[in-house]
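The following pair of complexes shares a single chain, subunit A, combined with subunit B in the former and subunit C in the latter.
Entry: the complex of A and B
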């Protein structure tokens, strides 16, 4: 579709207009950190953010959501949330993670709770101008993104943005503003430069192999001593799971109210680093040792899911690196150590 | 189906967990519509013989505590340990690093030798004496968690109380990590279920819910340098609820 130009002022005005009709969620600064949250004015948006502490997945797969209500007599009703909202300012690496989630929740077993919410969501992606302290999306091929978004904003070096319309949904979001001028050839070239620059600069950690080589690399190193060594400091706290844009595992629990007649079935985020994650009925645990759980995370991201979907399930956002108290979670460090031998 | 008979008992402790039951206030009547409370020194005076669910607060300090606990166990179908004292000795276990005489002298000075202060050499938790069916952790307990457990037990279901660390609940709320803010927080070692109440208000976790499953204090010790914390500081914090004797028992 077409690429338009939009000044910063006009962009702000457009967002404030959107706020009259829809919930808009975007990056907001708190004590030098950033969070995706619901805004009431475009002034709150920190469009020059580097990375948020939690990825935007929390609005598509909430940490805890009611899936159905039930009665002890057996009747039940699915709960679906349809509340149109705009996710504003999603960086390419997070967009790619959402694309992966879309696939997981729609292939084979269709997850209607996720998809209902996802369909109600419009995404405005944003090419970053700041590089987070541990971002390595340049190495993972996720510093730029071609699809998934409804609109894509790219900041221009002086003032304003280029705005590419990706879908009809994106086009609809623009209904409230006058026709925007088309981007000039020069501006399109500046956009190319921004993309090239991001691919080069978003490499705070340099991966010593191509991402496509990772499944084979892991295949050869299942019994490598590194898993045991690194995990000896692992706190099994699941921080790396919680902050990861491609971790979407959940647990399901029922809760009844005081009548003992009615209740709700909820799902809540779970994480493979937590001990109970792989415990099944009867008490058997498939990954009892912390080292097994530590290893599993890397295999899931760079071996199991790639084999199934053809894409590495690590987008290089670096959130796990920032979140890990003992500093053992850096995927690049782990992969490079395996390459090094 | 008749209502389950519930009794509430206290051993050595501050009765703060029982106070949490009283503090249920807006749901206390609903709770009472679900169960019959047949024995509760803090709130009622009649005594029932048969008990379906015994909620026991406190730890064992004296010989008569042991006899009392054995008696409670004998007449109860389900025994629930209420709060950190009952589960692990709570703050009482701090004295396990000393002899009982030393502890008594520190606390009571010259009166420490008096006969009525006779206590066991070591503080014990309920599970060291009897079989404990379920535990509700915390100092004090989280009253919503108690309500939830009672509803599960009334339905004959196993309650789910997280065994993972507080970090999970803290990260989900997008709190800034207190370690990364220069504080010594025991969240990474402590069992969740409190909704990370303390760290969410900027106060480090002190470990009141006991160790999480696979807690790794030794691993955390290796990170102290990175965060400019000393081993002494760390052990001092740990001592309150997650003392060294518990660490070994846990491992």
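Entry: the complex of A and C
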């Protein structure tokens, strides 16, 4: 589709217009941190953010969601949430993580709870101008994104943005504004430059191999002493799981109302670093050692899921590096150590 | 705001892979102090008759779901048995139900023992430890249903104590049959126990497997596999003819929730029945 230009003022006006019809969720600053949240005015948006504490995943796969209601007599009824909303300002690495989750929840079997919410969501992606302290998406090939978004915003060096329309859904979002001028060739070139620059600058940690080499690298290092060494400090807190845009493992839990007559069955985030993740009734734990759980996470990201879906399930956002208290979760450090310093 | 925004949309049940189908408990029979055999009837045409080796997710509203192996085979559509050991929240609550009560069922899920494919015409060695007899029983019933279609049959069954032996009627039947060899042992005998005492691998010394090719099906507690596999190796049973049924934590049954992984495999979809050859290089498997 086409690429338009839009001034910052016009962008703000357009967002405020959108807010009259829809929920808009975007990056907002709180005490030096950024988080995706529902906004009431475009003034709240921090479009120059580097990274949010949690990925926008939480609006598509909420930390806790009702999947169905039940009566104690045994009838279950599905609950699907369809609240149209706009996810505004999603960085490329987070967009790619959402694209991966879309495949997980629709490729073999359809997860209607996820897809209903996903279909209600329009995504405005945003090329970043600031690099987060641990971002290495440039090494992972995820510093720019070609698909998944409905609209893509790229900041121009002086003022304003280029706005590419990716889908009809994106086009519909623009209904409220007058015809936007097409981007000039110069501006398109500036956009290319921004992409090239982001691919180069978003490398706060430098991976010493190609991402495509990771599955083989892991295959050869299952018994490497690193797993034991690093995980000996692991708190099994699951923070790396919680902040990860590609972690989607979940638990299913029932909640009964006070009446004991009705209740809800919920899906809640789970994490493979947590001690009881692979424990069965009776107490046998199939991943009892923290080293086994620690290793599993890296294999899942860079071997198991890639073999199933064809893409490395780490997008280089660096959130796990910031979140890990004992500082053992840096994927680049792990992979580089396996490559050999 | 759109008015629809505030009210959730109720979805179509047929499109929700997590929605249990209503089912009825048609009989309950206590087999041991901890184990209860349930007969389940699922009227929904969307629930297929389970094949040997498959499992279902059993749902109790307010308690949760538990993956349970189907332990029977019959041609009767929508009717099957599950053996439930009282060991967790759901199984505890299941034991307290009565005949005629309704429960939820999802599934059947997972791979099957290839009794209708590779195992036809073969000699089959069934090796069951403890609760592992439950999933194996579905395959044994299938094979005995079409006994003419298979070669020699041997069933080895090990329990911890005589009191923990499951399916006594079946054991009695297998003991008396001339068309199969049934051997059993217990880890610890008792005053009234006249049978063999010892772990399951001690039964192998009673077998002569050398003259014929054999396929083997194993299910038991995690500790049992390496010892049994060593016996099978010594008797030159090839890895591609060995099938195992494995237990893992399963929440969704449909390959989404991530709990049941054995390295890159999902037990709920790629298993629970695996060919040993496909697991031999997976460190998390056995």
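Please note the rule applied: the second predicted complex is superposed on the first by the 340 of 341 C-alpha atoms of A that agree within 3 Å, B and C clash if a C-alpha of one lies under 4 Å from a C-alpha of the other, contacts with A are read in each partner's own complex, and residues count from 1 in each chain.
Basically, a contact is a pair of C-beta atoms (placed from the backbone, for glycine too) under 8 Å apart; a residue touches a chain by one contact, two chains touch by 3 or more.
As the structure is a prediction and not an experimental result, all values here were calculated from the model.
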| item | value |
| --- | --- |
| Subunit B versus subunit C as contact partner of A:275, first or second or both or neither | first |
| Touched partner set for A:253, first subunit B, second subunit C, both or neither | both |
| Which superposed partner A:103 touches (first subunit B, second subunit C, both, neither) | neither |
| First (subunit B), second (subunit C), both or neither touched by A:147 | neither |
| Chain touching more of subunit A, residue-wise (subunit B, subunit C) | C |
| Touched partner set for A:33, first subunit B, second subunit C, both or neither | first |
| Which of subunit B and subunit C A:53 touches, first, second, both or neither | first |
| Which of subunit B and subunit C A:200 touches, first, second, both or neither | neither |
| Common interface positions of subunit A, toward subunit B and toward subunit C | 253, 256, 260 |
| Footprint of subunit B on subunit A - complex, ascending | 31, 33, 35, 53-54, 63, 232-239, 242-243, 253, 255-258, 260, 269, 271, 274-276, 290, 323, 325-327 |
| Touching residues on subunit B, where the partner in the complex is subunit A | 27, 30-31, 33-34, 147-148, 151, 154-155, 160, 163-165, 167-168, 171-172, 174, 176-177, 179-180, 187-189, 212-216, 219-220, 222-223, 226-227 |
| Residue ranges of subunit C in contact with subunit A within the complex | 1-2, 4-5, 8-13, 15-20, 22, 59, 61-66, 85, 87-91, 101-104, 222, 247-249, 251-252, 254-259, 261, 263-264, 269, 283-284 |
| Contacting residues of subunit A [partner subunit C, same complex] | 21, 23, 66-68, 70-84, 104-105, 108-113, 116, 222, 248-254, 256, 260, 263, 265, 270, 272, 277-282, 284, 286-287, 292, 296, 299-300, 303-304, 307-308 |
